[in-house]
Amino acid sequence: MKTSEIPLTPVPLTSELAEAMLQRQIKKHHVAIMLLHWFNAFVWLFELLTGLALITSPLFRVVPEWYVSIVEGAFGSRANMLQFHIALGVAWIVVFLVYGVFGVRTYLSQEVLKKEVALDHDDFRWLVVRTLRILGRSDEPLPPQGIYNAGQKLFAFVIYAMIPVVMLTGVVMAFRLFSPAIVGWAVVLHFAAVGVVVSGLMVHVYMGAVFPEEKPAFFSMITGNVHELFAYSHHFKWWREMKLEEREWDEQHDAAAAPPPEGPPESVGPPR
Amino acid sequence: MARYAMVTDLRKCVACHACTAACNVAWGVPPGHARTHVHVTPLAGTFPNLSSSPYVAQCNHCEHPPCVEPCPSGATFQGEDGVVRVDKGVCIGCGYCVTACPYEARFISPADRKVDKCDFCTPRIARGELPACVTTCTANAKHFGDLEDPTSEVYRMVFAEGARRIESGTIAVGPNVYYLGKPEHLDLVAASFPPRPPRLLAAGKTWRSLVKPLVVAAVAATFLGQSVAFFSQLWNGEKDFED
Amino acid sequence: MSDRVSRRRFLGTVAATGAGAAAAATAKAAPVRPPGRHGQERVQKVATHCEMCFWRCGVIAEVSADGRVVRLEGNPDHPLTKGRLCARGNAGTSLLYDPDRLKYPMLRTGKRGEGQFKRITWDEALDVLADKLKTIKEQHGPEAVGFFPHGIGARFMGTLLKAYGTPNSVEPSFAQCRGPRDVGYLLTFGRPLGSPEPLDLEEAKLVVLIGSHLGENVFTSQITQFATGLSRGAKLVAVDPRFSTAASKADWWLPIKPGTDIALLLAWMNVLIAEGLYDKEYVDAHAVGFEELAAHVAAFTPEWAEPITALPASQIRETARAMGAAKPAVVVHPGRHVTWYGDDTQRARAMAILTALLGSYGRKGGLFFPTPVPKGDFELPDFPDSDKGRADGAGEKYPLASEEMGVTNGLVDATLSGKPYPIKAWIVYAQNVLESIPQPQQTLKAIESLDFLCVVDVMPVDQVAYADLVLPEATYLERYDAPLIVNSAKAPFVSVRQPVIEPLYESKPGWWIAKELAKRLGLEAFFPWATPEEHLEKTIEPMEINSLELRTKGAVAFAGRPYIEDRTEDDLPLFNTDSGKIELYSQALKDLGADPLPLYTPPEEPPAGYLRLIYGRAPMHSFARTQNNATLHGLMPENEVWLHTTPARELGLKDGDRVRLENADGVTSLPVRVRVTEGIRDDCAYMVHGFGQRSKSLRRARDRGASDTQLMTRVKVDPLMGGTGMRVNFVRPVKEA
């Protein structure tokens, strides 16, 4: 594809091009991140299930008493339940630490954080437009997004900010570090951080697993791939980057390569 | 099932600390801490007309223990025998219960950094023995038994001999450790060691009054927002992407 | 340990959710698993008796599967203490496992006092000791060896040294403690009081504590009996310059001016006689010398006593009348540590006379008779006689001093002066000479003049640093001692001391040390038993009891004959005096040139600006022996000096300030915390004894609090029995910057 043929902003596609793009898979997530995601999901599910049952005091409890009894009964004793919660939490931290240490460039570099977490102008507009569209107050097309849309970025930010808090406070409580006063605050902060994540988690789970338009996103977490059309329509800026990279790669191998394939047609309506 | 109680006869007690020593050794309480405290009231009066009394305090296993509610993890609980216990397997050492006790009976033990307190020698009473402090008391001043058993000596001491609770006007949580003594001595003890109002630590207050409502609101709001989106989607007939 | 338990729990959790379900079902009713480090299955319980002080309460020791003594509890089968045990008894495990304990024999390498030692084997140590003893015997005679024992473990060493040929065995319990009262009561009633004192507190209608702070000095069974008596309605008179725990329970607190007790006692006698309140029948039947007594006390009215004692005459009269009303069920507590002003034998006599006037000796609610328990002995060769005689003055300079217990300070004096003959070596066994004997500066000089000092001890107390040879004894929980026979109980008994665990480190029991030494000195004939069990069997032979029962139960009691009406033909005469009766007037004293009836002599007054130093005990410590004990240190890490509000204010001192006490001879104590209180006279300063120890090896105790002993540069020696009156030192608090 020629430089001129990679649009700067999303343009309408022909149905053949759209069909071709539908068939073509682009790798969005590598195995490690997918494993981590589902591991995380599993951990959060069970940590929430047990964690909520761990809070019995009527001053702080957020679930009904019968819920606490059921979970307690499943584990046999509150002590068992706590031990499980701690064990799983520690395992979670260990896995994250391994990822953090070995994948510092993949997950924690400034470049990655800028692309995957930081909000740019398009993102802010996207948030406004998206909300209005839900309320049926706007028909405006959504601004192009990067590999993760603004909503996903927001959630990522929440995760990056809250997970260390949950982990640290969890460790402080599990091993009763520093002083009882610190442990006393750790409980509150642990609860608060988890609460923030849960709020975001509800949107994340809904968007990922319920909202039909984002179904490819859900499957991308299992297969690792999205079809190109989804990338083009939902994560245009990322699609564009991929395309530019592809072409650079192709140009490097131009000598031995066959004539370039057909480029995209001139005008296609904007994706819906 | 039972309502265990203790009666300490301050007329006999000589503040010898045998109870503290026996308890500390039996339960591995580190030196400098104790589950039972031997006090002596400050002197009332001036020389040579003076008055003072020993006072042995510990967990009172109150009828309405204010320490149970603030425990976030449910580690502290009251059994059907009235004994307030701490499940060490569940205690996270946050200390919310420590300031909630009007009698300062709880402490964080440096041994395991968890809450420790008198549990009426639970393993001993389960075997039908008396608590260690009671058997060791050199003055035979401590008595233990079931207030629901009319033949027990504590029953007699509480209901027939007028053993008193250390309560104040505002803090009446029904302690089950009673005291016998000369009336003026008991008055002095109550005046010198009044129960203090249960206090929730700042962290607990923040949790209860700020963080919990905020989190509940946030989660509810997102849930609400989500529902709106869901219904909006249904209404507008959001199609699968493939369409 | 707690880590191990929590790890175990952790792993158990991962596996055991099924078992958990059953637990959950019973969670509310069943007890939660016990906290702490004592979750092990109890394996063994051994009965023995305590030696954290000298009362020897019955103890049951629990030993876990891995051989650790996990706790001590009172022995419910013990006839005297019945399962009760004081703070010190409960803390015995902290002594057993004290990391600062003496662990192996040591020979001095540095200078005396530096505490530099090298470790040697027992063989080497015993050889050194035996050689020293032999050398001294050859060069100076065996009398040149002084023995400073204390406690029941010393019995065997005592036998050895007696067999070796020295008469100079001196125990502080006589001249620094009970001596005067034993002599005073011996003179009056014909028998010493002994220990435990035969007080029928449970049945008393009135208890008089004069110079006894029972409640702060704790003897388990005596506290129990005292408390029982009070709960049965006994009235209490507490005579004490300080508002003690006992005073807080008393119906009358008499804040007496220190040193004037004899005046009070004489005034009481005056009232009892003048108002006909004494037990006339009893006195007529059992006593001699009443007329002399009546004439003697006629002038000593309460009005006479008032300005002396600073007690209102009305109060003196009132309390005397209370005694009269309650007689004969009155316990006039003879006190225990009674070496105060140098006239202590006379004061003990006054208390004995008062007891007799009330008719309470041998009566219910008063003092009761001991009942002897037959004891078996091995046939031993004759002990050598010494033509040099004793060096401590017992029986001579101090005519009424016990020749069995000796005069410690007399032997210190002899060591210093070389008169009547030189003392070249000391063997100190379980006695803390620098703490128990006043004028420690003198004791130290005496030590420095010795050729040889051997210390047998459990803890590295101050004197250890001055020893040439240090032998680590096993604690009472790790050894046999001679069985304890207590005659002065309403039900006399024999009590066994047997090891609960094998001695830790290289510590050895006293009997073994004595026997090993005997071998080296050719004195095996004095130890004709191979094992301490054999010795035990022989001792209890005439008692006709089962030794297995004794070793299982810990103690066996016999029928007592406590009251006059119980006494049989074999117990006659009731009173072993020269006259066969209670000697109110003591001819024996007259013959010695002393006052046959007690007289009051005013004590020396403190100079201006100084306070009289008085001292006492705390219920969680025993003398200077327990300050390093982890449990007991936790209950009381240091002492305080009690000052009355007025002198404190004048000195600008607040409660909690730190001061140094400087005595009238310029000796200054370590810094000590001040307690400002209304509960003490304004002319005294009070401290608990036993603190301010300097030994670097006592890591918890060292330099905590202030030492009263150190400030006792002056003593007033009782001429009759050599007791060192110690309440004759004056101090002034100097504020610490």
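Just so it is clear, A, B and C label the chains in written order, and each chain counts residues from 1 on its own.
Note that a residue touches a chain if its C-beta (ideal position, glycine included) is under 8 Å from a C-beta of that chain, and two chains touch if they have at least 3 such contacts.
All values derive from a computational prediction rather than experimental measurement.
**Q** Counting contact pairs per chain pair, which pair wins?
**A** B-C
**Q** Using CA atom means as chain centres, which chain is nearest the centre of all the protein shown?
**A** Taking the mean of C-alpha atoms per chain, the most central one is B.
**Q** What is the distance, in whole Å, between the centres of subunit A and subunit B, each centre taken as the mean of its C-alpha atoms?
**A** 46
**Q** Where the centres are mean C-alpha positions, what is the separation of subunit B from subunit C, in Å?
**A** 40
**Q** Report, in whole Å, the distance between the mean C-alpha point of subunit A and the mean C-alpha point of subunit C.
**A** It comes to 78 Å between the two C-alpha centres.
**Q** Going by the contact rule already set, what residues in subunit C reach two or more other chains?
**A** Answer for subunit C, listing residues that touch two or more other chains: 9.
**Q** Could you say which residues in subunit A touch two or more other chains, in rising order?
**A** Each of 77, 79-80, 83 in subunit A touches at least two other chains.
**Q** In subunit B, what residues contact two or more other chains?
**A** Only 87, 89, 112 qualify.
**Q** Which residues of subunit B touch subunit A in their complex?
**A** Residues 69-75, 87, 89-90, 92-96, 98, 108, 112-114, 200-201, 203-204, 206-208, 211-212, 214-216, 218-219, 221-223, 225-226, 228-230, 232-233, 236, 238-242.
**Q** Touching residues of subunit B toward subunit C in the complex: what are they?
**A** Touching subunit C from subunit B are residues 1, 9, 11-18, 20-22, 24-33, 40, 43, 45-48, 50-54, 77, 79-81, 85-89, 111-112, 116, 119, 122-123, 125-126, 132, 135-141.
**Q** Quick one: in the complex, what on subunit C touches subunit B?
**A** Going by the criterion above, the answer is residues 1-2, 6, 9, 28-38, 71-74, 76, 83-91, 93-94, 214-216, 218, 220, 223-224, 226-228, 230-231, 243, 245-249, 253, 255, 619-620, 630-635, 644-645, 677-682.
**Q** Can you tell me which positions in subunit A touch subunit B when the two form their complex?
**A** 22, 54-60, 62, 68, 77-80, 82-83, 134-136, 173-174, 176, 180-181, 183-188, 191-192, 195-196, 198-200, 202-203, 206, 210-216, 230, 233
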